[in-house]
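Quick heads-up: structures coming right below.
Both of the next two complexes hold chain A, though its partner changes from chain B to chain C.
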Partner chain A sequence: MSAQSIASRLNILIPRQKLPLRSPVVALIAVFCACAALAQALETQIFDPATRTWVTYDPRQAVKYYRAHGQAPEEFQRRIVDFRTAEKPGTIIIDGDKHFLYYVLPDFQAIRYGIGVGKDGFGWAGIVKVGRKQEWPTWTPPAEMIERDPKAAQYKDGMPGGPENPLGARALYLYEGNQDTIYRIHGTNQPWSIGLNISSGCIRMNNDDVTDLYNRVEIGAKVIVLMQGAALYRGV
Partner chain B sequence: MNSLKPHAAFFFALGFPVALAGCSTSNSSTPTSPVVRTSEATAPAALQLTCASEAATRFDVSSDKILPVSSRPGGDGGYLVDLSMDGQQATCAIGEDGVVTSLERA
Partner chain C sequence: MKSILSTAVQATVFSCFLAFSPSAQAEKLVIGVPAWPSAKVTANIIAMSVRDTLGIETDLQEQGTLTILGEIGSGDIDVHPEIWLPNLSQIVERMSGNEGSLRLSPNGVNATQNICVTKSTAADTGIKAVADLTNPDIAVKFDSDGDGKGEIWIGAKTWSSTEIEMIRAHSYGYHRTMNLLEMPEDVAMAAVDAAVATGRPVVFYCYGPHHVFELHDIVKLEEPAYDAARWNIVKRADDPQWLEKSRADTAWDGSHFHIGYAAHLERDMPGVAKFLNRISFEPSDTTAMSYAVVVEGKSPQDVAQSWIEANGDRIEEWMK
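Take a look at the complex of A and B:
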């Protein structure tokens, strides 16, 4: 698997000049991605009061809900919760199964945000850190994505940051040591997608939430990603 | 002034059940957003990480090398949490109160 094909799967920009095709990093990522393809993500379900049954909260349901309510379900709205942990304040803990991101506060509390996570085969778990932050990040479709979708060609040199940009208002770049994992926590131009397994491995938040998180988190903050059955990033 | 008291009592008696009905209606219809859940029950993240922290201490492994990888309901309302521990596996039983009741290498 080439670096560009990996980038294509993740729908993100990897500066080509900074990622040699045969680097050890690429090899490790390729192995990781191959393993990740085996993962089966847990799904969100939503209670349908009309039928009094739980139904899968899929993209169709999510769009329908968002149109009716103007936001994702209440459970995914930002709030402060009790959170007893030994992790330091400032740590980010991602519960990919429940689609929550926690920002640890002092006194056993945390801010909980709703998130969207990787679709089947793209989920992952591991311990990384925030290596870089960016306001209104540029998004550039990888070459393979442009091949699949000619409309994406207009952004081959990068789509400027803005409301229509898939990376949304802010991006936190996740690193392991000094290496970019190629995963990010970022905003979105699809706010209805919070609560879904929909991304190519990145953690997405609505723009207000990612901006709130961006303003709180510091470079170097520890990020723990929990996801049942997902491949472990670099074999924790 | 005293002559108004029976009237006040009357209106209070009339209004009080109405007020209660208003509260009752408001509560019973529960017009909040529908509840969401996960397709399978997993342990809360804080409990999973408590298990990881306990394992780091008990087995003298760096906390950066321990990660909860799966969890499920256990007995008595608690959970079982599987840990990946620097290439090895361990299973932790933890109560809802955050007390680890057992921790064993797989």
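Take a look at the complex of A and C:
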């Protein structure tokens, strides 16, 4: 099946859990957050109901889809869903396996956003809180990236916020107690990457969605990061 | 499970009991308040009832369950609203008896400990029994990371029940087909919520009374009835070979929890002691208390007040 034919059906497809690394897609520009290391691409598989087969939704196809439609597949678009939970309204629940972030609403509903996560998932699971919020955050490349990439080196003192900044329009800084975990929920300058596992560590949302979330969430809000595979679950 | 014990901790706490002599608190009833919602509501029901009906001043003190037991031993706290058994059996046995500092209400609330799935999981995967988890074809349906093994939440790291669930997994043999995951309860319950929302299979340790049974359609997996001959638990703290020496491949024994109180109340506040002995909750009471606090976001005080207003006849009966 061609990438184009896959893309044409993506608006009715649903994502499957992440699968093991098959091959890196070196042509892609990776999205980094402050804690990011070298980016690699993993493949998300998506069920095609027309052929009843799982087909690859990798970054190459994601880019094509985004160019064709100007947005991520329907499954990853912001929507209100039924969500029965004991968590209080205002809580954020991150489901890296499905590439969803839930913002809990009253009456057993939630706003579901599509997200992109790291190549190995979020890196950990547990309970943190929103410790700080920032509009158009500054991005500082990690030291190893500065050493490796001269283009990144020019931002060693920080890249000002703006459309080209990999952290996108907003960032929510996740704290454990009063300690910054170095993990963030942030926007992106590469919205095609929603639904994929690339880069590492942080949670990416498209800029409209992260702005919507930013406007709703309060400092101190509880953030529950779910397991994304047993290894991460056990590692906490 | 709520009670978090190791033998070493039990021994330390018990030795603390011996270091203090109980002192009567004839003027005020001090009620310990453990961290979980149904216990908080029960503590408030006791406090409000004793204050309003018997005219005795009360004081609520939020403490961990072991600390409350320790302070009952030392005479600083008078009541523990929810002592779980068999999880706290060893320490309760040490504190009870004619010369002991603790009395347990004879009326326990029946509790359950099982392995659970959602109703849709049972339908989609065909799983019916705990032993089905040893079947690789079933187990792989719970695989969330593509390694060919399923994932099962067995409890929080610090729970005494988690150690036993690990023993059960090894005794049944599904430790070979399933990854045994330990995580805080909030994370595990949110994972159940997300699994329900997206139609994914999920299997997890469950205990009741618990609000998850109100929130979702939950199915308890079948297993052989409790058999003491097949239930031998060696604690991790007691023996490095605890896992190899233990066996538990049947259902849990019946669990239950009771109100506990300082023995000196029988002498100093006999009316209170009689009342505490006669309180008799149903599991549905406890589930409703938990649900009202956790899911509906009501304060334990408000839930207790509402419960008293709706159950005045029961309170009156217990006060006779």
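Simple rule for what comes next: the second predicted complex is superposed on the first by the 177 of 236 C-alpha atoms of A that agree within 3 Å, B and C clash if a C-alpha of one lies under 4 Å from a C-alpha of the other, contacts with A are read in each partner's own complex, and residues count from 1 in each chain.
We take it that a contact is a pair of C-beta atoms (placed from the backbone, for glycine too) under 8 Å apart; a residue touches a chain by one contact, two chains touch by 3 or more.
Predicted model only: the values in this text are computed from it and were never measured.
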Q | Contacts of A:Gly195 with chain B and chain C, given as first, second, both or neither | A | first
Q.
I'd like to know which partner A:Tyr57 touches here: chain B for first, chain C for second, both or neither.
A. first
Q. When the two structures are overlaid on chain A, which partner does A:Lys88 contact: first (chain B), second (chain C), both, or neither?
A. second
(Q) I'd like to know which partner A:Asp97 touches here: chain B for first, chain C for second, both or neither. (A) both
Q) Taking the superposition as given, does A:Arg216 touch the first partner, chain B, the second, chain C, both, or neither? A) neither
Q: Based on the superposed arrangement, let me know which partner A:Pro73 touches: chain B (first), chain C (second), both, or neither?
A: first
Q | On chain A, the residue positions that both chain B and chain C contact, one per complex | A | 83-87, 93, 95, 97-98, 100, 102, 125-127, 224, 226, 228-229, 232, 236
(Q) Please output the residues of chain A touching chain B within their complex, sorted ascending. (A) 42-49, 54, 56-57, 69, 73-76, 83-87, 93, 95, 97-100, 102, 125-127, 195, 224, 226, 228-229, 232, 235-236
Q. Along chain C, where are the residues that touch chain A in the complex?
A. 144-147, 149, 151, 179, 181-184, 186-187, 189-191, 193-194, 196-198, 200, 211-212, 215-216, 294-295, 297
Q.
Which residues of chain A touch chain C once you look at their complex with the stated criterion?
A. 17-20, 81-88, 93, 95, 97-98, 100, 102, 110, 125-127, 224-234, 236
**Q.** For the chain B and chain A complex, residues of the former touching the latter
**A.** 32-40, 42, 44-46, 48-50, 53, 64-71, 84, 87, 98
